[in-house]
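See below for the structure under consideration.
Order as written gives the chain letters A, B, C and D; numbering starts at 1 within each chain.
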Amino acid sequence: MGMRLLTLFALLFCFSNDVFAQTEIDKGKAIYSRLCAFCHGIEGAGDGPAAAYLNPPPRDFTLGLYKWKSTKFDEYAPSDDDLARMISGMRSHDSIPGWDGMNATSMPGWSDLLGKEEVSHVAAYLKSLAGYDNAPKSAIDLSGKVKADSASVERGKTLFKDRCAECHGVSGRGDATKKLKDDWGARTWPRDLTEGWTFRAGSAPEDIYARITIGIPGTQMPSFADPASKKMMTDAQRWDVANYAVSLNESEKKPSANPVLKAMKLDGKLPDGPADAKWDKAAISGFYLFPQIFVSSKSYTPSVVSVSVKALYNDGEAAFLIEWDDPTNSMPWDQKALEIADGDLFPDSVAVQFPSGQLKPGDRPYFGMGGPKPVTIWQWKGPESIEEGQRARIIDAKGVKNINQRLADGLLTANGIYDNGRWRVVIKGPLKGSDKDPVFEEGGFTPVAFALWDGSNGDTGGRHLMTGWQWMTFEKQGEGPSYLWPVAAGVIVFCGEMLWLFSARKKD
Amino acid sequence: MNNFLKVALFSLFIIGVYTVYSVMIIPPITPEEPPKEEAAAMPVTVDELVALGEQVYNGKGACALCHSPVAGRAPLLEKAAAVAEARLREKGYNGKATDAEEYLYESLVAPSAFVVPGFGASGTNDTISPMPGVKDPAIGLSETEIKAVIAYLQQIAGVEVTVKLDGGNAIQEASGR
Amino acid sequence: MEHRLNRILPLAALAAIPLLLILPHIFSECHALAAEAAKFAPAPVLSSGDYPKAGGVNPRLFVWMAAQMHLWFAAFVLAVPIFVLLLEVVGVIKKDSRYDKVAYEFLRVSLTAYSITAITGGVLLLGLVVFYPDLMKYLSAIFGSTMLFYALFFFVESAALYVYYYGWKAMPSGGLKWAHIGVGLLLNASGTTLMFIANAWVTFMMTPAGVDIAGVFDGNVWHAVRNHLWGPMNLHRFIANIAYGGSIVAAYAAYRFLGVKDRAEKAHYDWMGYTANLVAIGALLPLPFAGYWLTAEIYAYSQQMGITLMGGLFAWLFIIQAVIIGALFLAANYYLWCGLGRGVNGERYYKYVKYIAFVIAAAFLVWFTPHTLVLTPEEAAALGGQYHPLLGPLGLMPAKNTAVNIMLLFTFLSFLLYRRAHRTPTVKWASKGNAVEAALFTAAIVNIVWLGVYYGYFTNSVYKVASSVPQVATTLFVIVACLVMEYFMHRKAEISELRWGVVPDRSQYALFLIAVSFTWLMGLMGFVRSAIRQHWHVYSVMRDNSPDAFTPTIAYAAKVVSIGTIIFMAMIAFIFWLSHMGQVKGAGDE
Amino acid sequence: MRLLKFVLTCLFFYLLLKAPGLFLGKPVPSSLIAMYMFFIVITVLLVMTITDDGAEKLFAPIRSLVEDPSKKLIRNVVFVVVPIVCGYAVYDSGEKKAPPTELRAVHPAPPAIVKAYGKTFDLASIGNPFRKAEKEDPAAFKAFVKEGSEVYFKNCFFCHGDKLDGKGHYAHALELRPLPFTGTDTIAQLQESYLFWRILKGGPGLPREGGPSISAMPAWENELTEDEIWKVILFLYDYTGNTPRSWS
C-alpha cells in the first residue's frame, strides 16, 4: 500500500511540471480568446477584426518578436517580466492621461481585469505561440548611468547629429528623410523626441537608454550596442545620447487636463507671421487631436497627437499661432515629401472654428462644422504648387453638407513657416466683422476648435484630425485684476469689527 | 428701532440668499425666442413635401406630443392614412369627406368629425375630440403645411402619396404669410 | 326691534353666500340673451407698433410689479379678515378676551392695507390700460359684465369692512356680537368673491374658454369665467392666502414680541405668534395637493404648457422652490425646538433634537439635489461624464418623494415632542403607547425608504411613480394614528401651564424667515404661472407681439421678485408702524 | 468648547462630502458642496442654539474676544487678520477664471419613435430581435454576440475602449468622455431600445439637454445596418455581464 502511494507521488512529480505548464497555457488561452483576440486574432497572428484600423498594428505573436523588451539586443525573446509589463500596462510618469496600457497605442493595460497569475497565464500562452517556453531572465545593465549634466548633454548632441539625425531629424522632431517600414510591412515613423509623452515605453533616461541599447526589434531602430554595427556606441556614449534625448522634450507643449486658450490683448497691430517677437509673451496651450471618424471618409491612422496654440487679439482682430510637428512639409515639389508620403500627397492645412455671431449661454453649434447653428472656420492651406503659394479662406458652415466659402481677401491672412519638422502657422482674422464672424467680449469665454490635415498621411477633405470645442478666453488688458473690491471688502469687514467693538464697550 | 433694524437686515439677508441662489448658483438657461413667422421654402417634389410634413409633425404642429405611445393621449397615426378609407363608413363618422385624403384633411382641421373610440374628450362618450384643430391659432398650420402633414402620414402608412400641391395657390399663400 | 335685527343680520349675511354663487348664473343667462344681437369681434392681431410707449418706463416690468404688489396686498387683506373672524368666533365660544383683542388689533392693520390694495389695483389697471390698450379692450368686451359685479362687491366689501371695524366696540356682546360676526362673514364672503372674479380674468388668459379659435366670444360670460383653471386657481389661492396671512400675522407677533418688555405682553405675543404659525403651516400642508390639481388642469388643457412648466425651461425653478420649502420646514422645526422650553418637561427632549435635525437636513439635501449636475470641466473629467454614481440616483423622483415624506414625518415628530413638553401621561399604558408610537414611526420609515428604493431603482420604470402614493399614505396614516393615540394617552394627563414668553428671541426670527420666504415664493410661483403662456396674451388666441414678449430667465425673474419683496416688506412695515402709532396714541388718549 | 464642537461638526460633514472625490475619484460637484455646506452649517447652528444657554456658550469665546480686556493682543491680531483674509478671498474669487460650467443630462429622455432605414421604430415596444435566441438557441446566440463583437471592434472601440470601459485610445482627446459600458450605472439601467436609439442617432440626435453640440458619438444609421446595431448591443451586454432593463 505504502509502496504504491510512493510510486504515484513519484509519477506525479515527474509529470507535474509539464502538466501544470499545459494547464497554465490553457488558462492563458481562455483569457486570450476572451479579451485579446479582437485585436491580435484568434491564432495570435495580429489579424483580429480591429487590426486593419490600428496604427501601430497589433502585435503578431507567432513570430515571438517584441518591440519593447529589456533583454539584450542579441536575445530574441523578451523576459517574463517584459511580457507581464506589456500585458498589465506600461504606465510611465509622462504618459497621455487616461492611458493605462502601452502609451499612445491602442493596447490597454489589463491589470485592472487580470490578476498577476492570470497575466502570467496569458504570457505563457503567448510564449507557446512563438514556440519558446523558457524566457531569458537577463535584462540589460543600467548601472553605468551617466549624470545628465550639460557636458553629457553636449556630448550626446554631437553623437545624436552623427548617429540619429538621419531618421529623427536634426532637431529630433522625427522629420525623417526615409520612408520606413517594420518587419510586418506596416508604416513606421521615427519618434518625435520633443514629445516625450508619446513614447510607447516611457521617456525617462533609463527608458531611452534601453531603446538605444536594445533597439526596437522589427523596426529600423537598431541597437547601438551591437559591435557589428558601424554606428556602435559605448555604454557611456549611449547614456549621453539618452540624456540629450531627454533634454529635447518640450513638456510645455503637452496638453494639460483642461486646457484653456488664453488670448492676450495687444494695442497695436497683430503679427502677420510666426517669427514676430510679440508671440513670446503669449501663453501656450496644447490640445489633443482625434481623427475624424464620424462621417464619410474616416481617418484611423493619425500622424499628429496634439497641436500647440497661442493667441493674440486687439479691438478688431484675433491672431492664432498654431504649431505642430510634422515629418514633412507636404509640398508636392519637395522630393523628400513625395518620397515619404503615404499614397497621394496633399498640402498640409490647419483650421480654427468658432460659433458664428453672438452665442447664448449653453447654446453651441455642433462641433463638427456646425448644424442648424452656424460656425465660422478660418483655414490655412499649404501650397499646392510653387506658383500658387499658401492660401487662406473663411468658411461659413451649417453642417458638413452646407458649406459656403466667403471671399477672404483682406479679411483673413494666414502664413506658415516649415522648419525642421515643425509647422508654425499664423492665422489672423476679423472679430465682429459681420454677423457671421465670431463675437467676443473681453474677459469672456468662447468655444473654439481646431482641425489639422497632414497631407503626407493622406489627409484631405473630410479626412483629418480635429479637436472638440475647447474654451478660449480673451484676457483683459492691463496686468492683474482690480484691487478695488478686495480692499473694499477688507475695509467693510474691519468697520464691522470696530462697530462691534464699540457697541460692546458702550454696553459696559 | 434697534429691533427693527435687526429684523430688516435679517429679512434682507434671506431675500439676498434667495436672489444670489437663483441668479448665480443655478445654471442660466435662456428661453427660446418667440417664434418668428418664417416663410418656409416651398416644397416642389413629393419628397420635399413629405420632409416638410415630418418637420411640421414633430415641430410646429406638435402632433407627436400627443400622438405617441408614451403620452397615450391620442391614437397612433402610423396606419391612419391606410385606414382612412374605412373610417368613412364607420358608424360614428359625421363628416363630409368623400375619400381618404379628404378624410385626413378633415380630421386635422375638424377633429370631431370622427373620434377613435376611447380617445374622446372625457364625458362626451367619444363624440367630441380633445384635439385642437390645426388651423387653430395655437398651432396655426397653413394649407401647405396641412397638406405636407397629410403627405407625411400617407408615407409612413405606406400608401401612395396622393397630395397634389397646387403650385400657384401654394406660392401665393407662402407670400401671403 | 334691535333684538330682531340682531338675529336677521347674520342670517342675511349667510343667505348672501349662496346668492353670490347663483348670481353669475342668472346674470350670464340674461347676458347671453342680450348678446345674441350683439356680435363680438375676434381677438386682434397686433404688431409691435400697436403697443404705446411711455418714456423710459418698461411696460412689462411696470405691469408685473404693479400686479405683484396688488396680489401680495390682496392676499394679505383677504386672509386677515378670515383670521380675524375665526379668532372672534373662537373668542366668543371660549369666552377668552385674548382672542378678541388680537382680532381687533389685526383688523386695524388690515384697514390700511385695504386701501393700499385698492391703490395698487388702480395702478395696475392704469398700467394695463395705458400699455396694453388692445388687450384690455378685448378682455373688457368679454368680461365687461363681471367688472360691474366686481365694482358691486368691492362696494359691499368696503361697507362691510367699515361696519365691522367701527362696530367692533359698539357691538361687544350677546346678540350684537353675533350680528357683528355676521358682518364679518359678509366681509369675507364678498372679499373671496372679489378674488374669484379677478381669478376668472387671469385664468381666462391662460386657458381661454367661451371663445372660438379666432377669439370670437360666444356671448356667454359664464363660459369664459368657468374656464379650465378657474376652479383649481380659486382653491389654490384661497388656501395659500390663509397660509400667507398666518405667516404675516406670526411675523407681526414676532416683531412685537421682540419689542415689548412687559412679561404679560410678551406671553401674549408669543402665544399669538405660535397660533398664527400653526395655522400657516397647517394651511401649507394641503397646498401641494391644490398645486397638483392646478398642474393637472394645465396639462389637461395644453400638454405644451404643462411640459414647459415641469420639464423644460422651468425645471430649475422647482429646485429653487425645493430650497425655499426646505428652508421653511427647517425654520418651522427650529421654532418648535425652541418652544420646547415653554413646557416644564421640555428639557428632556433636547437631546433628540440633533437627530431629528440631522434627518430633516439630510432629507432636505436629497430633495434639492438636481437631476442634472452642474460640473466644472475638471469634475466632469474626473467623473468621466456627467453621470454621478452616488448623486445620480438622488436626482430622481423616487428619492425626492422619499425625502419629502421623511421630512414630513420628522416635522410631525418635532410637533409631538413639543406637545409632550408640558404633558405627563397618567394612563397606565403610557409606556406601551410610547413603544407602539415608536414602532409605528420605525415601520413607517422602513416602509417609505423601502418603497422608494425598491420601486425607484430595482423594478421597472413603469412603477417609478407608483411608489409615491403608498408613501404618502404611510405618512398620513402615521400622523393620524399617532394623533389619535396621543389624544387618548394625554386625555387625563397632568398638563402644566405652558410658559408663554419663555422662548429665545432667536426663535422669532424663524417666523420672519417663514413670512419672507412665503412672500418671495409667492412672487416666484406667480411668475412661472404667468410665464408658461410664453408669447401669448391670451394663450393660443391672442398673441403678444410687443417687444417684451420674450420669456425672461429665472435669474431676471428672481431679481424682480426680490425687489418687489423688499418694497412690499417695507410697505408692510410702514403699515404696522402706522397702526402701532395709532394704538399708542389711542392708549394715550384713554 | 462648544464653538470647537460646532467647527468640528461642520468640518466632519465637509470631509464626508469631500470623501467621494478624494477616495473614489467621484467628486461631489463643488457647486453642490457649497450649497450642502450652507445648509449643513445653518442646521448645526440651529441645533446648537435652541436654548439661550447653549447659544451663550457657543458664542462666548467670540464675545470674550471682543469684550474681554485681557485678550487685547489676540483681538488685535484677529481684527487685522480677518479683513485681510476676507480681502484675499474676494481677490481670489475675482481671479478665478473658469470656463462657464454647462449642464448636460446623462440619460436624456428618448423620443417616442425614431425613424431610420425607411422605417419607424416605436421605442416603447421594440426589443432586440436577437435576444430571444439567448434561451432558445444558445449556439446561434453566441454567433450573434461574436458578430456583434466584430462590429464593436471595427467601429466603436476607438473611443469606448478594448475593455468597454470608455477609455479607448482616442478618448483622451474627446471633451465629453465616451461612456463606459462596464459597471451597473450605464447600460445596466437602460433598455435595449434606448441603446438602439443612441447608436442610431448618435450625438446629433440628442435632445437639447443632452449636449448634442459636443457629443462626439456619430449617428450610426449611416454606417451600420439595423441587424448590426442589435448585435453590437447584444455584445455590449454580454461582454460586461449586464442585463438590459425591461418593461415587463
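Here, contacts are C-beta pairs under 8 Å (C-beta built on N, C-alpha and C of every residue); 3 or more make two chains touch, one makes a residue touch a chain.
Bear in mind that the values here come from a model prediction, so they are computed numbers and not experimental data.
Undergrad: Report which interface contains more C-beta contacts, comparing A-D against B-D.
TA: If we tally the C-beta pairs in contact for A-D and B-D, the bigger total goes to A-D.
Undergrad: If you average the C-alpha positions per chain, which one ends up nearest the average over all of them?
TA: D
Undergrad: Take the average of all CA coordinates in chain A, do the same for chain D, and state the distance between these two points in whole angstrom.
TA: 28
Undergrad: Once you find the CA centre of chain B and the CA centre of chain C, what distance in Å lies between them?
TA: It comes to 35 Å between the two C-alpha centres.
Undergrad: Nearest whole angstrom, what separates the Cα centre of chain A from the Cα centre of chain B?
TA: The separation of the two C-alpha centroids amounts to 50 Å.
Undergrad: Would you pick out the residues of chain A that each touch at least 2 other chains?
TA: Residues 361-362, 471 of chain A each touch two or more of the other chains.
Undergrad: Listing for chain C: what residues touch at least two other chains?
TA: Only 374, 377, 381 qualify.
Undergrad: At least two partner chains per residue is the criterion; list those residues in chain B.
TA: Touching at least two other chains: 21, 27-30, 71.
Undergrad: Show me the residue ranges of chain A that touch chain C in the complex, using the header's touch definition.
TA: For this pair, the touching residues of chain A are 257-258, 471.
Undergrad: Quick one: in the complex, what on chain C touches chain A?
TA: Counting only chain C, the residues touching chain A are 377-378, 381.
Undergrad: Would you tell me which residues of chain C are touching chain D in their complex?
TA: Contact set of chain C toward chain D: 326, 330, 334, 337-338, 340-341, 350, 353-354, 357-358, 360-361, 364-365, 368-377, 379-392, 460-462, 504, 506.
Undergrad: What residues of chain D sit close enough to touch chain C in their complex?
TA: That would be residues 20-21, 24-32, 35-36, 39-40, 42-44, 46-47, 49-52, 55, 98-99, 101, 103-107, 166, 176-177, 179-180, 183, 185-186, 209, 245-248 of chain D.
Undergrad: Hey, which residues of chain B end up touching chain C in the complex?
TA: 3-4, 6-8, 10-12, 14-16, 18-19, 21-24, 26-35, 62, 65-66, 71, 73, 132-133, 135-138
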